[in-house]
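Listed next: structures, encoded as structure tokens.
Shared between the two complexes below is chain A, which has chain B as its partner in the first and chain C in the second.
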Partner chain A sequence: MLSVLTDNWDLFRDGFWLTIRLFLVSAVLSLVLGTILGAFRVSPVPALRAVGTGYVNTLRNTPLTLVFAFLFFGAAKMQLALPSPFWTGVGALTIYTSAFVCEVVRSGINTISPGQSEAARAVGMTFIQVLTLIVLPQAFRAIVPPLSSVFIALLKNTTIAAGFSLAEAGAIPAAMSERGENQLITLVWITIGFLILIVPLIFLQRWAERRTAVA
Partner chain B sequence: MSSVLYEVPGPKGRVRNRVSNIVVVILLAGAVAWLIHRLYVNGQFEGRLWRQFEYAAIQREILKGLLNTLRAAGLAAVLALLFGAVFAAARISDHKWVRVPATYVVELFRAIPLLILMFFFYYANIQFQWGLTPFWAVVFGLTLYNGSVLAEIFRAGIAAVPKGQREAAYATGLRKNQVVRLVLLPQAISAMLPAIVSQMVVLLKDTALGFIITYAELLYVAKQMGGRLTYGFPYIPTYIVTAVIYIGLCSLLSVLARYLEGRSRRRRKVTGAPAPITKAPDLGAGPGGGASL
Partner chain C sequence: MSDSGTLTQTGLVALTGVNKHFGELHVLKDINLSIAKGEVVVVIGPSGSGKSTLCRAINRLETIDSGTIELDGQPLPSEGKSLAKLRADVGMVFQSFNLFAHKTILQNVTLGPLKVRKTDPKQAEQRAMELLERVGVASQASKYPAQLSGGQQQRVAIARALAMDPKVILFDEPTSALDPEMIQEVLEVMIDLAKQQMTMVVVTHEMGFARSAANRVVFMADGEIVEQADPETFFTSPTSRRAQDFLGKILKH
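Presenting the complex of A and B:
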């Protein structure tokens, strides 16, 4: 059983390395885009709120596989293709995950009672001060646990890229089948690989939860 | 309306908001116009790309794909509810030898990417010649993953019933089975319904993974239709139609979830029933916490 892993170490290494890169790049980008969208959703400008709401409601009700299919097969028809398959995959994951990040950010901000910022404004703080000194430090606490869940889901979702000829961990079975290796043992190893990646994330999440919990 | 971040705008603020509003609307209109222009320049509005939807054969094809999606989602939903009920019961069992393995099973299936779960059935079928169609790989994969998330939802729902209910029930001499069945479950179910329905949205969306293991569901059909030379590779028109169907179906379910949530919240005010659980619980911060994705 071990030989399946050691004989094809190159496949596993390259596959999981691509998975990790997809995950990290998409995580950063969707954090940025999601936060911007979250800011839209709590803004006093109705049109911005509508943009945020529309985006979230559309993307949350669309299968990620469809987002992938649209970017990989459809976008080329509009000459909008992204520079490489890797970036197209990152684009699909980012577009999809941002909707969930947006919701986490929005509900995190909404957990703070308006009295907090009203008091801050009453002592003469500016908008930026209210945001950075009062609201965000408290919202962070409510945001961290669900945000880590979103990122764990993102890590698992990278496997969908395998269906679109990105040779990440989810594509290992197909490559192994060409080499005539045992598929089930391959899948067991892939599962172990994902557990190795996910378990630290779970511990990080618990640690952050403890760190940020109200004493 | 005062929000956390913004004061009630004064006269200046109102003007500023109104101006920003107009600017955003103009930008948005610009973006939409650019997109339409992009589609137009690349000939995506040409009649021959869209004409196919007028043909009965194509409509039947889409319908068949949709039915396959719904068939897989429906069966998987029923099986996942059963799986969830069994494992939730096991997880609240008083016997350690039942509780501990059940916990591991639930945590494991929530941590494995769903596609990999489907691959297990797909390749096991090839290797052992079980004669299963890809349909079953999709259904079993969905069942194991969503069943595990549902098990957590059920468990959290039962745990969320106020402690006094359980204590009072035990005090009247009911057995554990009766306490759960007669006292806790009836109260928990209405609190869990929104989360259960939200999970069904996830399940429905995830049937689209069947596309990757060649199950002829809606997205698979769309890919085939998009690849037809006769109609000039109508990828964009077909994907737009597909997206509308998916978004429509999932939105309906989401609306139902929100309605149920509102209802149980209203009822809570009256009777003091437990608060609704709106998403898969993060108890123990399991990896399935991303359940809503």
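Presenting the complex of A and C:
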């Protein structure tokens, strides 16, 4: 069983390395975009709230495969210049995941008593200051566990990219079958690979929960 | 202060023809009120009379439907940076303290000066410690709000408001959430402020405070200012039927 892995180490190594890169870049970008969208959803400006709501309702309800298809094929049809497949994949994953991050951030903000932001406004803080200095730091605690789930889902969602000419871990089975290797054992190794990748995420979550525990 | 209770239009805080509805409910009915610099105005009345809403409208934590509210001759801006700027000049003390839960006591007091006034950190800290000393909680400076008693938290909240050097401080039922033995320590700080000519609007049920510290008592019922007078006149010979009823109920015991 081990030889399936060692004989094809190049495939596994390159596949998982691409998975990791897709995941890390998309995670950071969707955290940023999702937080901004979450801020839109609680903003005093009705137009921004509408943009946030519209984004979430559209992207959260669109299958990720379709988001990929729109970017890879739709954009090509419209003669739009696409960045490299890697960045197009990152784009699809980010656009999709940030809708979920947005909702996690918004629900976290809602756990903070309105008195906190009222007091901050009464001191003369602007909306951005209220959000970044008072509300988000406190909301982060409530955000950590559901956000971890969103990121674990993102890690697994990267396998969709295999269908769009990105040779990440999800593309390993096809390549292995061409080499005539055992499919079942291949899948077991890929599963083990993903489990190994998820372990650090779980530790990161535990660490963040401890960091944000109230004094 | 005028004995009649009607002051000139050139108050530090001036409300003119202010109306507000919560859905069907008309919570503020054509309110006219002018508060002079250095004046202590106590707003009393039964629950649901609109007194908290009135207090919160002055720094626009509640929006109003019609009328104008002016601070130092300037109408309240509706949103954005100019509103934030104006709020910095209006201190607010809440019923439930609302100290920033993730910040220490000292940080609670310095945050406004640092982030809003861009005060030098050393200066802000020194001033904050002076204020905490003044309200008697300097020894708790490095603790978090949840580690303090309600009375201590409310005194920190007063220090936080003072740190901004406000033109006026609004108190929205500052002692209503406190255990009885802690009410006095907060009232003492407020009486001290009143003596130093701080302009104050105080919504409260503490009639003792109204008697000893107020320049004027404003009595509200059903969203209207029914009667206003200096405390001695108001408490000994209220003219309106509703004020007589109200005082009859609360002063009976």
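Please note the rule applied: the second predicted complex is superposed on the first by the 194 of 215 C-alpha atoms of A that agree within 3 Å, B and C clash if a C-alpha of one lies under 4 Å from a C-alpha of the other, contacts with A are read in each partner's own complex, and residues count from 1 in each chain.
Note that in this section a residue touches a chain if its C-beta (ideal position, glycine included) is under 8 Å from a C-beta of that chain, and two chains touch if they have at least 3 such contacts.
Since the structure is predicted, the reported quantities are computational estimates derived from the model, not experimental observations.
In the superposition on chain A, A:Gly124 makes contact with chain C only, not with chain B.
In the superposition on chain A, A:Gln116 contacts both chain B and chain C.
Using the contact criterion defined above for the overlaid structures, shared-chain residue A:Pro44 touches chain B and also reaches chain C. Look at A:Pro137: by the touch rule set out above, it reaches chain C but stays clear of chain B. Using the contact criterion defined above for the overlaid structures, shared-chain residue A:Leu147 touches neither chain B nor chain C, since it reaches no partner.
With both structures placed on the common chain, the touch criterion links A:Val104 to neither chain B nor chain C.
Residues 44, 113, 116, 118, 121 of chain A contact both chain B in one complex and chain C in the other. Across the interface of their complex, chain C is touched by residues 44, 113, 115-116, 118-126, 129, 133-134, 137-138, 214-215 of chain A. Chain B meets chain A in the complex at residues 2-7, 9, 13, 17, 20-21, 24-25, 28, 38-39, 42, 44, 111-116, 119-120, 123-124, 126-127, 201, 205-209, 211-212, 219, 222-223, 226, 233, 235-236, 239, 242-243, 246-247, 250-251, 254, 282, 285-287, 289-293.
Within the complex formed with chain A, the chain C residues making contact are 59, 61, 79-81, 84-92, 94, 96, 98-102, 111-112, 115-116, 144, 146-147, 157, 160, 164.
Considering their complex, residues 42-48, 51, 57-58, 60-66, 69-70, 73-74, 76-80, 96-97, 100, 109-110, 112-114, 116-118, 121, 127, 130-131, 135, 145-146, 148-154, 156-160, 162-163, 170, 173, 177, 182-184, 187, 190-191, 194-195, 198-199, 201-202, 205-206, 209 of chain A touch chain B.
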